[in-house]
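Shared between the two complexes below is chain A, which has chain B as its partner in the first and chain C in the second.
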Partner chain A sequence: MNTATPDPATIEVMRKTWQERPPADNLRLHDRRTRALESFAQNGFPTTHQENWKYTDVRKLAASYPECLRTVPDGTATPDLVPLIDKDALRITFIDGIYRPDLSTVGDLPPGVFAGSVSELLTAVPGFEAHFGALAHDSDSAFVALNTAFAGDALAIVLPDNMELGQPVYVRFHASTPQLGTQPRVMAKLGANSRATLIEHYTSSHQAIVNSVTEVSCETGAALNYYKVQEEHREAWHTAVQYIDLARDARLVSMHLDTGAGLARNELQVRLTGKGAAADCKGLFMGSNNQHVECRINVEHAAADTQSRERFRGILADKACGVFNGRIYVEPEAQKTAAELTNRNLLLSKGAEINTKPELEIYADDVKCVHGSTTGQLDEQSLFYLMSRGIDHDEARNMLVEAFAGELLAGTGIEAIKQKAQQALRALRTAGQ
Partner chain B sequence: MASKQDNVKDIVDRKYEHGFFTDIEADTVAPGLDEEVIRLISKKKGEPAFMLDWRLKAFAYWQSMQEPDWAKLKRDAIDYQAISYYSAPKSKADAPKSLDEVDPKLLETYDKLGIPLHERARLAGVAVDAVFDSVSVATTFKQKLAEAGVLFCSFSEAVKDHPELVERYLGTVVPQRDNFFAALNSAVFTDGSFVYIPRGVRCPMELSTYFRINAANTGQFERTLIIADEGSYVSYLEGCTAPQRDENQLHAAVVELIAEKDAEIKYSTVQNWYPGDEEGRGGIYNFVTKRGDCRGNRSKISWTQVEAGSAITWKYPSCVLRGNDSIGEFYSVAVTNNLQQADTGTKMIHIGKNTRSTIISKGISAGRAQNAYRGLVKMFPTAENARNYSQCDSLLMGNRCGAHTFPYMEIKNPTAKVEHEATTSKIADDQLFYCRQRGLSEEDAVNMIVNGFCKEVFRELPMEFAVEAQALMNVSLEGAVG
Partner chain C sequence: MLLEINNLHASVNDVEIIKGLNLTIAPGEVHAIMGPNGSGKSTLAQALAGREDYLVTDGSVSYKGRDLLDMEPDARARAGVFLGFQYPVEIPGVSNVYLLKAALNARRKEKGEPEIDAIEFMRFIKDKAKLMELDEKFLSRGVNEGFSGGEKKRNEIFQMAVLEPDLAILDETDSGLDIDALKVVANGVNKQRDGQRSFLLITHYQRLLDYIEPDHVHVLANGRIIQSGSKELALELEEHGYDKILAAAS
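What follows is the complex of A and B.
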């Protein structure tokens, strides 16, 4: 049998690690963290017998967890990082889970806007701690609970009503200490009719555990462009969940790019709580060698006249294993919902594997919900067509792989992300041959 | 003092709380399940030793298993010790004596379905001694099959007359430990159908449980085994469109199909067990394990089902595509109304090269019903050039029902191609308007649209069945719109 729940002794070790850390100054924050720790202690790590973890075995990750949590980060490391975006952006850098003002360029922010560490924000805006762990429930998974319990300094972004932030907020989370367990946490609150672009970029230089949670609430009419690029070290474990709540007429446009980590699992949880809210989510995940990449999206339509579109593609080479799970959930009140979910996967080599499950769960009748999924290899006829025009086999193959991803990348607002994806594709193509 | 007397009176008047019938006749086993009961069932049926061993093994597995809870179903717990696992045909004494005693609502339904008068009596469970012409029909029918060499009999007969075939094939598709309900069925099944089509024979007629003598009381744990030997063909029909009276709440049937090289089996089901009343009281729990094994190269198994009855349907007719170039098909219409719940779908397991499968599933949900499609398409690394196409459409009628789709796809071969499409919507106002504009009543318009929605599945049904299925659809959804 597969029981990944750590034994009581291991839980005790983790609890001790938690107690040794400096407690949060804020009492409510401290309470929230204590609850999360207790939730984890009770439920432990998920097993493949649980529906949401059916295809992702976390036993090895779970075994390394207690030790990685004990690893003390080297607080002064200043790795030479190439930023994804270096111009016209608010740059915020976390190294080994520690906010580094010396590597960040926030500059002068418009009045009312805040971007920085939560502890800093709490002195200026008391009460903000109520948002911590409001969308992310401990019962969602062990990793969410662990993040809430162990998250160090979280990043907070606050936009007042009617504020349009011209520059994107670019956040870099880098793990440089080997065998480190970090728990990046982002909290954002977009006021009514405000606009912002948020880019999260994850990298690591060694084997490490990165377990992130992002909570964003968008008030009436707010618009968020969200991008996440994950290119961790090939031996790293990356687990992440983003919770995004959209109030009336709020808009979300998102793009996820997953290319790194030995085991990666990203989960996007979108909740359309206000009438007329809309989400357009895209994602591209790739794997080669023995990578295991899981990509999940769950969109809950909780109000009438909401719309969503989810498009996700996976490309897998060598012995890589991909998992896709998409769900559209329509509550009884969410009449006139329109939702569309598509997942397409490309298997480039023998031994590559994909497990996909696009779900619809619908409790309202006046809806139009569609989902589709296809999996296959490159089309022989297309290959033949290109080759008949004098293009050699490898080049033709590359062109088709690039076209497969290109359909999804077209229209991505941030040029640097497109380039990142193309770079990763080139690496993948050589791997798949 | 008075109150004390009242208490006594209450106790005296109290109905038998445990709800089951204790009027034990010679041939009924008391409720409860243990090894003794299984020995008794096996003995009463005069089974050879291998059958008893097989049953006991299944029972041992069952005891170590847990009831599955992953399906999207809400139901009360089942008390397996409160069920009587063996009873001879129900005593005629408590059945209605004539059609006059039958629930008029039921008769009305028969009328709408266009069921012949003499059939109604049989379906309603009226105690009649001879069912009209059926004996003679069955005799000519048996003769014809015998000429072709086809074996078609009840499972008990097969165990007695052809033990070598039963021993060779039983449980090879659905093993005893397959799942909780299959294990239970394996331990206690009382009867069912057995079909063997010899090499190269095309079965001269459609086989149907309906014609089989003795079919009336196969009981709640039915077991069907169909073997199509090399190059043979058979089409088998199960159930009928008319609502059937049944006292058993739990049904746990197992159906095993085996298609050898170049053989083809077409299995059609129309299920219309009692769905419970409008408030969801009563109704059958239908937990069925159906699986076909395309053992030989170029074999084919095709499932067609129309699921209209039962309070709960839990059923996933599957195909194991082992032989190269073998084909699996699944066509399904599941209708739920009132408080019915259905969690149904299929599994297509591609193992052989160039295997192909098609899944067409149509779910219709009305009232406060929940209708879920749950399916698995699995491509083994050996399934070179395998192909699957799935389409699942759901139609919602009313804003208190639910329609869900859970398709699992596990692909381990890059040359395999898997496609899945699903849609969920209601009957569009413009479609209704178009029909109404041409003078159709709202009800006719809805029936027409629903039948159009189900057409891809209905056309797979044998002719007479298809006509009945359409009528059934109309009756099942009565009152769902408007």
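What follows is the complex of A and C.
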């Protein structure tokens, strides 16, 4: 059976959990959260009968959800974490969903950056409640609705017009309590012509559920560099959605790196709502053993003269399964749109699998849109060529895998992310051999 | 002897291409193998380099007294065998300099030498690049990536110059080259002739041999060497074509 909704008793358990641990919102978010919970109760978890979930079966995750939500985190756990970026960054740490000023490098965050409970954010960030869940719709999926309902602490970045945040904001979400369900939440609002770099880094030390939602709106001329690195524990479940809206002439440059979790599903939703907005999105996902990794990107061109480029690559070894779904949607008024979507995949073993679907949906007549997808194995001729120069088989194989990823990583602004990718590639090859 | 091929038989996709070939190359010698299309020239080159799908079914190949056929392609290269490809592959993402450094250090390791110093290495390859009239910016680009046909061939000889093999097998390195590029390639080869290093030039045309003077010329037809001689044999082939000699042999 692949039923859509948890049984009423299970929903009742989740509702009770929610009531027992109501995040203290001063009731201002109560209605919004109630709506989200009710949306979940009505729609339940997705099934593989739904087009968007065709290749990702969440039944085991769904079965563990109620219990994981009930798990109480150890609020004092202080794991020894190696930061991805250890200098020249604002480091903000959440352990088990709880903001930890003691593990963040900045006691006093600079103006515009806020971390803490959602209720504190309501006080600190005027109008926060209007933005909380404004881009993330409950009906998008059970996971988005659950995050809105249950998110406890959150990170908010609110930059006034013309403000440039000199240092990147590096936020670490680490799950250290076994069998815990966490709901990381990030909200950013970039005023006109402001600039920021945001790096989200997800790790866990046990089986856990990590379900994150990020909402970013960029006003006229704002520029966001966004990076997400996911390297959760191999038995963790990671689901995440980022909503990024770009107003007139706003710019997004993004890079996603997915290497961890037993089941990972990331979805990037970009909306180009203003004339001249542009997005350049890259992603590298990899899997080994029995990992399942899904990478989705949806770019909506809703205004004229908008541009986007999406380049995603997957590398899969052993019996890993990858899913790529990329969609470019061009609305009727989005004339002169230029968009390019490519997905390339490398399968390192016979048992590895990839399901890829790049899509274009175009309702404007004067646009330039291309998409393409290729999947292959390591090229035997290239392998022989390298070996004919004296390089042994394993090294030659490594060079080719690294080259495949390297083409995508070239130009990535954050050196630490490149290094992290290379590190993961080495681990992948060890696993795949 | 550097290389001794005895009664070599090799197949591709279960079709026998090399049918009992014998060839002996002494240190310092330059041999040219000529032959019409489909005679087995490239199969010989690939089989000697160890390409997996070129299956040796009979015969033996001894290189420096070792059983060459028992060695993996990379081990052959480290032992000093170099193949200049007829169709060099493009490998985006692996830079020429990265490949050369890995290859050179693999060869040095084999000889018990330490890894080359980074500065010394750059100086060394820049000198060799100049010799082959290759722009330095080629070094940082992907292997053969976006190179023209002539550039790819020059890059093969450049790699040879860097790796300094004991036996270089050049598979139709002259094909597709204009006369200026041909001269550069020939010069690169001639500079490497030192009385010890040996060459096996595989070519369809006599033209290359105007610039690289061979010690021996062999005619390959239907998988066997049907005639051997001095460099004059090449001129004879140029004048009369392969038909006459093939008719005489059959």
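Here is the rule we go by: the second predicted complex is superposed on the first by the 409 of 433 C-alpha atoms of A that agree within 3 Å, B and C clash if a C-alpha of one lies under 4 Å from a C-alpha of the other, contacts with A are read in each partner's own complex, and residues count from 1 in each chain.
Definition applied: contacts are C-beta pairs under 8 Å (C-beta built on N, C-alpha and C of every residue); 3 or more make two chains touch, one makes a residue touch a chain.
Everything numeric here is computed off the predicted structure, so don't read it as measured data.
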| item | value |
| --- | --- |
| Dominant contact partner of chain A by residue count, chain C or chain B | B |
| Partner chain(s) touched by A:V125 [first = chain B, second = chain C, both, neither] | neither |
| Which of chain B and chain C A:S373 touches, first, second, both or neither | first |
| Partner chain(s) touched by A:A77 [first = chain B, second = chain C, both, neither] | neither |
| First (chain B), second (chain C), both or neither touched by A:F404 | second |
| First (chain B), second (chain C), both or neither touched by A:I11 | neither |
| Chain B versus chain C as contact partner of A:H393, first or second or both or neither | second |
| Partner chain in contact with A:P358 - chain B first, chain C second, else both or neither | first |
| Touch list for chain C against partner chain A, complex | 49-52, 72-74, 76-78, 82-83, 85, 88-89, 91-94, 98-99, 102-103, 106-107, 110, 142-143, 159, 163 |
| List of chain A residues in touch with chain B within their complex | 51, 332, 335, 345, 347-377 |
| Residue numbers on chain B that touch chain A, as the complex places them | 70, 381, 394, 396-426 |
| Touch list for chain A against partner chain C, complex | 379-382, 384-393, 395-396, 399-400, 402-404, 406-407 |
